[in-house]
Amino acid sequence: MIHVGLWLPLLAGLVLLIMPGLGRGFAIASAAISLGISLVLFAGYGGQGVAYASQTPFLPEAGVYYALGLDGAGLLLWIAVSLVVLLGVWIADVPVRFLAYTLMMQTGLLGIFAAQDLIFFYFFFEATLIPSLLMLWFYGGADRLRAIYTFALFTLVGSLPMLAAIFAVRFLGGADSFLYTDLAANPLTGQTASLAFLGFMVALAVKTPLFPLHAWLPSFHQQNHPSGLADAMGTLYKVGIFAFFKWAIPLMPDGLREWQGLLLFLAAFGAIYAAWVAFSAPDWKTLLAYAGVSHMGVAALGLFSGNGEGTVGALYLLGASMVYGSAMFLFIGLVYKRTGSLETSPVRGLAKHAPALYVLGMFLLMAMIGLPGLSGFPGELMALLGAYKVSPWLTFVAFLAVIAAAAYALTAFQKLFQENTQAQAVPDLDTREWGFAAVTVAVLLLMGLYPKLFTLYLEPLGKALAALFGGAS
Amino acid sequence: MLTLYMLAGFATVLSLLAFVISREANRIVTLAGLVLAGLFCLVGWGQTVEAFGGLYRFDTLARGLTLVAILGGLWALLLGPAKKFEFPLLVLYAVTGMHIMASSPNLVVLVIALEVFSLPLYVLATWQRDEKGFEAGLKYFLLGALGAAIFLYGIALYFGATGSFMAGAPGSGPLYLAGLFLIMAAFAFKTAMVPFQWWSPDVYQGSPTVVTLFMATAVKAAAFAAMLRIFTPQGLEAWGVGMAVLIALSTLFGNLGALTQTEAKRLFAYSSIANAGYIGLGLYGPTGQATIPFYLLTYGLATGLIFAVLSMLSNQDVPLERLRGLWYRKPLLGGAMGLGILSVLGLPPLAGFWAKYLVFQEAARAGLYGLVVLALVTSAIGAYYYLKTFFLIFSKPTPVQEAEDHEAEAALTQFGSSEAPGIPVAAAPMGLTQGLMAPAARTGAPALGLLLGAIGLLGLLSVLPGLGLQAFSAGLSPAVAAVSITAPASGATLIAGSYTLQGTGKPGETLELFDNGNPLGVVTVGPDGRWSLPVATSTLPSALAAGAHTYEVRRAGQATGASTNVNVAQPAEPAFTSPLEGATVAATGFTLQGTARPGQVVEIFEDGASLGRVTADANGQWSLNVPPPPGGTRVYEARPEGAASGARISLVVPEAQAGAICSQSFALSNLQAGGTVSRPFRFGGVGSASSYTVLVRRGDRIIGRKEIPLSAACGWSYFSDPGPGEITYEVRETGRLETEPPLTTITLQVQ
Amino acid sequence: MQETLFLPLIIALPLLGFVILGLSGKRIGEPAAGWLASLLVLGSFLLGLVLLLQGGARWTLAEWLPGIPFSLNLDNLSGVMLMVVAGVGFLIHVWAIGYMHGDPGYSRFFSYFNLFIAAMLVLILGDSLPVVFIGWEGVGLASYLLIGFWYQERVNADSARKAFIVNRIGDLGFLLAMGLLWSMFGTLSISELVEKVEAGGYSFTTLTLAGFFLLIGAIGKSAQVPLTVWLPDAMAGPTPVSALIHAATMVTAGVYLLVRHAFILHGDGFLAGLIVTVGLLTAFYGALCSLGQWDIKRIVAYTTLSQLGFMFVAVGVGAYWVAIFHIVTHAFFKALMFMTSGSVIHALGGEQDVRQMGGMRKYLPATHLHGLVATFASGGLVPLAGFWSKDAILAYSFEFGPWLWVLMLGASVLAALYSIRWYVLVFWGEYRGRSPSGRTNAHAPGGKAHPHESPAVMLWPNHILMGGALGVGFMGLPYVIDYKNFIEPYLTKAIGDFPHEKLPVVTEWVLIIISAVVAIAALWWGFRFFQQQMPAWYERFQTAALQGFYADAVYNALLVNPAKGLAELLFVGDKGLLTGFAGLGSLMGGLGGLLAKLETGALRFYLAGLLLALVLLLGWGVLR
Amino acid sequence: MIWLIASALLFSMGAYGALTRRTAILVFLSIELMLNAAALSLISFSRLYGSLDGQVVVLFIIAIAAAEVAVGLGLIVAIFRRRETTSVDELRQLRG
């Protein structure tokens, strides 16, 4: 099941790439089946440990196994990814090949969350870059080349030191293979751990993204296709938090101990910094890019606290932000479809003619700025509770972003929808878009009002990490 | 062996025959020779053939790298010019030389091989017979001659220090080092490692593209084969640091230098310098003999694709700008080149990634983390120019280019060309102005097939790199952990069934165990490289017999392995064998095992309460399932029937964690068969209902009911101290009617 | 205390209204949408009343988040608040049926209104702090939506945004409080916190900090100094919104929060002083500003500020039940005051400037009566509701320190003045407006020729509120009159018993009489004064007060504009960051170019290079 | 021993010649000199060990040198025909 779930999107993507005639319906079907599989896997999860584990020797001489498995966090993110992909292919007005790349990217993302072998994790981590680059290249804006280089080089320059660290983890740690179980049984300690952790840190900071390695993100989003699909996929690709949680910290708890201060600072500073910058963003995509950096800063703050609450919060916020962040990008795609521009400054007053669009936007915006009762809040709260234990001051700094978020989000929103002195006549949601809206709203509400659904499974993970890290200083 | 005969034979015969037969026939025969030689490489894969008193050693390494060289030759032949018969011949000579180089551990043979493939290459480099060709040829030749001189001088010193011409001869002292470093310099020259790389950008650029292709793939393969024999991990002490410097400089220079290049061949010349550095990393590890060929194979395929496409575009320089829009103009060429570039860049999921990963891992294993980090950082820098080229291919073509394309196609249809039949993969303006050597691009079906084949093979290696790596590992001496038996120690005297065989092996492999030559069982080595097998679990009837036992562990299919001898004695009085004294056992119940005289009846007590009686089997073994015990330290006692005391063992039962989800179906652990017990006694098991009710009968009379809640460990347990006589217990889920059949009924004879 | 699913149902009813009206309000239409919304709130009220009479209720969903339950608790304190919110809320809903008549966003309005009630109920009933916070921000959202209800006007949208952002400053305090309490006690359930705080074993300084964070939250929500600025602007919303959210209920949530956490605040001198200071400043600031306003709703908004200040002082001096008592009385008379204003606005077709009013007592007799009662209750006339609650605050202030009593007496004089000013300007004198005929307004389509009395649907709620403003004070009479009044023991059961010395009987009587006399005197003086031509000093004062003593300007200059500027700066800086990284790239490229120059093409250079390399390699390799 | 030093000297002379001469032919000849240096040292080592291996190799070296000469001279002649010069300094089209 897990294998089918993993590879089906890639296969569907390839088929679609070769036979674009199959059209959007095919992509939707694939994405829907994927989501179905994720849900079945979720329903069958026993609540403890890594489920659906399987391992096949891949390069046995080198200790590489094709090993998959899902724990609570993996399942949460699988569902988030599958859901967003379904929403994306459902709503975005893009060429069919674009959808094919989207599906291919889905496999990469699912693989990142399911890999139980470090090399395979790295494999998926890197391979996902290709469809992402192709989307940007074929369907990006006029100045995309620069964005591509920035994106690709940040990713590669970042992740290659991680490969060195991966070797160090295995060979200096004394494990016999790259299997998670094996590596976790032989964690690195001391000086080597902090050096190897640094390798991971660079790569994962790019993908979290953490200040100052977030610099690639704004141009990436600016240049991507205005439908927002590529941006949504890019949002899903922000897997740094997960990788820190799944690999870096358990394999090198000493590394986190060494770098905790710096990481907490970067996370907290990034959170408020990005939120502040977002206020002057000239267009919606830039705004959302910085908003994403800010949220991930908060999540990272929770994770780097190294305690149970913080970890649960970080993971939950990650999952939630994948959904609302992506939905927001797709939503902005809908706006673009109507107005032909994404600038934040002009007054558009869209609410007058498209009230349903307005309400959807309001809802997403509120989810994004962490309104309690919607998806962003449980994660933010748990991250706060975790972080406060470790560093009240940095928590204070990071959560200043709560205020800044309201400022940037509402200001831009007001210009887009309200003040309809210069109202643009635009069509309201059509049936397809209503479907998108209904599912998104339902999911965000569910995540906000009944977080227990997932936190029940995240909590043991958080406790395990906290135990490993030996409690916060 | 046949490979050598095939190559040498075809080369010799064709040299004479070529004057007679048509040049097309000559080409086909040459091709056939190469293919045959390649096939003979595959025959007997994994075996080592030695000949000429050890001067010729055709092992997996030689086979693999000869294949890569032949692949390079095929590329060159199929894509190369066909107007003169010498071209195929020269390629054939070169491949022969490379094969010899790959297959000899003798330095003198290596020198000869080096010359055998270098001399044809000098000629091939000037094939174009224009200014650039001559310049490239002369530079290559003069520098190459210098390289040969250095190599020879190195051999002389090496001989002086060791008295031997065989690679890997042990030695020390300045003379030895000087010789070794001279040899290293010569090979660094051939593989274009900095600071001996000078010739390569110029020669790559000035030579015809097919020849460049040949140099980039085949020469590297041959040279690295020789290096693998000379620079073995055993001698790391002597050559390690020097090679590290070369590698560091190569990766830096190659990748940085490529950044500003504007001509495709020159760009990939720099790239190949960098790649030589990466391949060098593989020399450090114990399994470099497998990983380096794997790297060279994927690299040969990927660069092959790149240069093949370039050669189809033009025999001359290819300014990068000309690649713009290739994907739109010639999708097959564009796609193939794009694939090649991404693979060389080392982006997953392409084979290039696995190759890079493997050689980097070799260096990491040797602890050269500085070098690994440098290599990784430089390959990230390299990503820039690879991606630049990649995206150029996938850009929209400019209008001018489109117009040129139309012109070229028109010209083709108008004038026709024997060189470019059918398939319109050949590119733009060429062929008409270049006089003698005109279109290098042969775009017939074979070339197309080669292109597609290479793409397919690259794809296969991407998906299943293990296949390739395993093939290249065949015949390598097992590098990791030999099999062994670590316990019990040889000569020990043990009680039958009370011990466990333990040992080591390669993680994941399956081992066979033998007891006095009879198959005892099969074990799989765990990821920690250890295996264990409790003898008591074996199905072999004689496994528990008293007397001398020789245990042997073997790899599947091998005749011998590690072994140990022990004496096995029959047990006397009841004793516990498992778990061990003081062990922590599961709160959900566990199994007590022990020994006694065969047929003896043993009663087991837990803190004085009976758990039932067991009878030792023919080998003196008994076992009993203990129902979930209460937490804390418990003392178990095995008394012979009727005795007042017996062997004791104390075990620790952890407190069960509350909140577990109980999902086991109802089961009774002990006293299933009923029988006779002492009092008090206890029975119980596991279940999932929240509580059970035990109904106690004597005959038909109900004498009691008791509700027992499920414990935190998901167990239920009933403690009873009734008077003597027959007594019956019925267990039901609480709430069920007593008219329903019970879950279990236990009838006991209480003493 | 029973565990019952009816408790969440109280919240679910208005939430249901929100969903139904939000999705298909247009189809339900007018006035059915309004009645539906009102009845659902009434349902909540009745359900709450039943549960309260049964002695309260609880409902818990364990492990909603790890270690945090989703728990609701209906005890006496939340019960009283529930009665106020749902009860007064219901009246305002009904009133709004008339007021919002004909507005194109009619059903949208009631959908938001129901959302607000739901969120407010969550806030009140929540027993676990995150749940309270859901309500806390939920009311903020509803307030945002309702202030910006007519978002087509930029100024309305701006006001809404301002309210939300300023509120979020308070929310940050709330969040930090949660973080701190969690790290101290490992729980966020209020009922568990009570036990843990009682159990001791923690640093009192830290507890003070927790109280301080909570106070920040309360200041934001209750628009205390220094976060007052959003409340006057919030009047951009429709009048029912001002009545319900910005007078009767939401703004008192801060007070409620502090009272709920009395166990943290109690006995902490620093916090007490801080809360009293904040309250006092707000009471004076609000009162003074109110005296300078011309917009009828802004007048009332500032009076609300002033009254909220009173409540804060009550919390500060430890009179927790009094603060709640004042919330109750204030809910009645202030809602009445707002809705009276609304009726006037309605009658004048949307006119809000009091300079265009006057003489309304002739045109709107019933409304005039409402206005009169509201004025007297707000001004503290014996024996209306406002008097008793204010008197209790004064009595406790005297206990805290006679100086505070003096200051508070001054504030109540101002309260009397601004109440009577409002009354005089609106109802007394002659009608100063242009002939109302011909004025049309979206909110009162087809403007009438005459200022007209409101319809019954708007009058009846006011009648009831008037009854409240007259009567609710009697449930909290001072002990000298009614030794065991109703509300003190009732609330103390939930808040916790913090015993204190009662004032001597004589002192108490003296204080009561003084405050009664002062109120009457101030009302009388004000009644005369505001009918005259204003003296010059008053004009000058008025100019400053009209601008809220330039608070907005100061904030803009000191905070808002620098923050925006910094945002611009950071944005440019962030681009620079990328340029920096790109620069690193070009540096590499440059280095590469230099290295490639080494390939000079000169054969002899190559030979030399090769040999040199060889010598170096040999030399170093051999001699090493 | 003396022969070893001689061979080293010969090698260095060859190297020097290869660096200083401008004509392709002379450069090539210098390199041939280096080959001979190798041959010389092989012979001396061969005598040192008393084995014939080294001496046999020298024969191979001579053959190799001859082969190189054949190819090299052909190349140089071809270039001379085209360019009318064999100066290596003028071959600088390929660079960068």
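Going in written order, the chains are labelled A, B, C and D, and every chain counts its residues from 1.
Rule of thumb we're sticking to: a residue touches a chain if its C-beta (ideal position, glycine included) is under 8 Å from a C-beta of that chain, and two chains touch if they have at least 3 such contacts.
If you're wondering where the values come from, they're calculated on a predicted model, not measured in any experiment.
A.B. asks: Could you tell me which chain's Cα centre is nearest to the average position of every protein Cα atom shown?
C.D. replies: Closest chain centre to the overall C-alpha centroid: A.
A.B. asks: Taking each chain's centre as the mean of its CA atoms, how far is subunit A from subunit D in angstrom?
C.D. replies: Roughly 64 Å, centre to centre.
A.B. asks: Rounded to a whole Å, what is the gap between the Cα centroids of subunit A and subunit C?
C.D. replies: Distance between chain centres: 36 Å.
A.B. asks: Please compute the C-alpha centroid of subunit C, do the same for subunit D, then give the distance between them in whole Å.
C.D. replies: Comparing mean C-alpha positions, subunit D is 96 Å from subunit C.
A.B. asks: Between subunit B and subunit C, what distance separates the C-alpha centroids? Give it in angstrom.
C.D. replies: 67
A.B. asks: If you look at subunit D, which of its residues touch at least two other chains?
C.D. replies: 18, 27, 88, 91, 93-96, in rising order.
A.B. asks: For subunit C, which residues are shared contacts with two or more other chains?
C.D. replies: 585, 596, 599, 601, 603, 607, 611
A.B. asks: Can you list every residue of subunit A that touches 2 or more other chains, as numbers and ranges?
C.D. replies: Answer for subunit A, listing residues that touch two or more other chains: 149, 153.
A.B. asks: What's the complete list of touching chain pairs for this entry?
C.D. replies: Touching chain pairs, listed by label, are A-B, A-C, B-C, B-D, C-D.
A.B. asks: Which positions of subunit A touch subunit B when the two form their complex?
C.D. replies: Contacts found on subunit A: 46-47, 57-63, 119, 122-124, 126-127, 129-130, 133, 137-138, 145, 148-149, 152-153, 156-157, 160-161, 163-164, 167-168, 171, 176-177, 179, 181-182, 185, 199.
A.B. asks: Can you list the residues on subunit C that touch subunit A in the complex?
C.D. replies: Per the stated touch rule, the residues are 22, 61, 63-67, 130, 133-134, 136-138, 141, 144-145, 148, 151-154, 157-158, 161, 164-165, 168-169, 171-172, 175-176, 178-180, 182-183, 188, 563-564, 566-568, 570-571, 574, 577-578, 581-582, 585.
A.B. asks: Which residues of subunit A touch subunit C in their complex?
C.D. replies: That would be residues 149-150, 153-154, 212, 215-216, 218-219, 273, 276-277, 279-281, 308-309, 312, 349, 351-352, 359, 362, 366, 371-373, 377-378, 381-382, 384-385, 387-389, 392, 395-396, 399-400, 402-403, 406-407, 410-411, 414, 417-421, 450-452, 455-456, 458-459, 462 of subunit A.
A.B. asks: Given the complex with subunit C, which residues does subunit D contribute to the contact?
C.D. replies: Touch list, subunit D to subunit C: 15, 18-19, 22, 27, 88-89, 91-96.
A.B. asks: Report the residues of subunit B in contact with subunit A in the complex, numbered from low to high.
C.D. replies: 287, 290, 342, 347-349, 353-354, 357-358, 360-361, 364-365, 367, 369, 372-373, 376-377, 379-381, 383-384, 387-388, 391, 394, 465-466, 469-470, 473, 507-508, 527-529, 661
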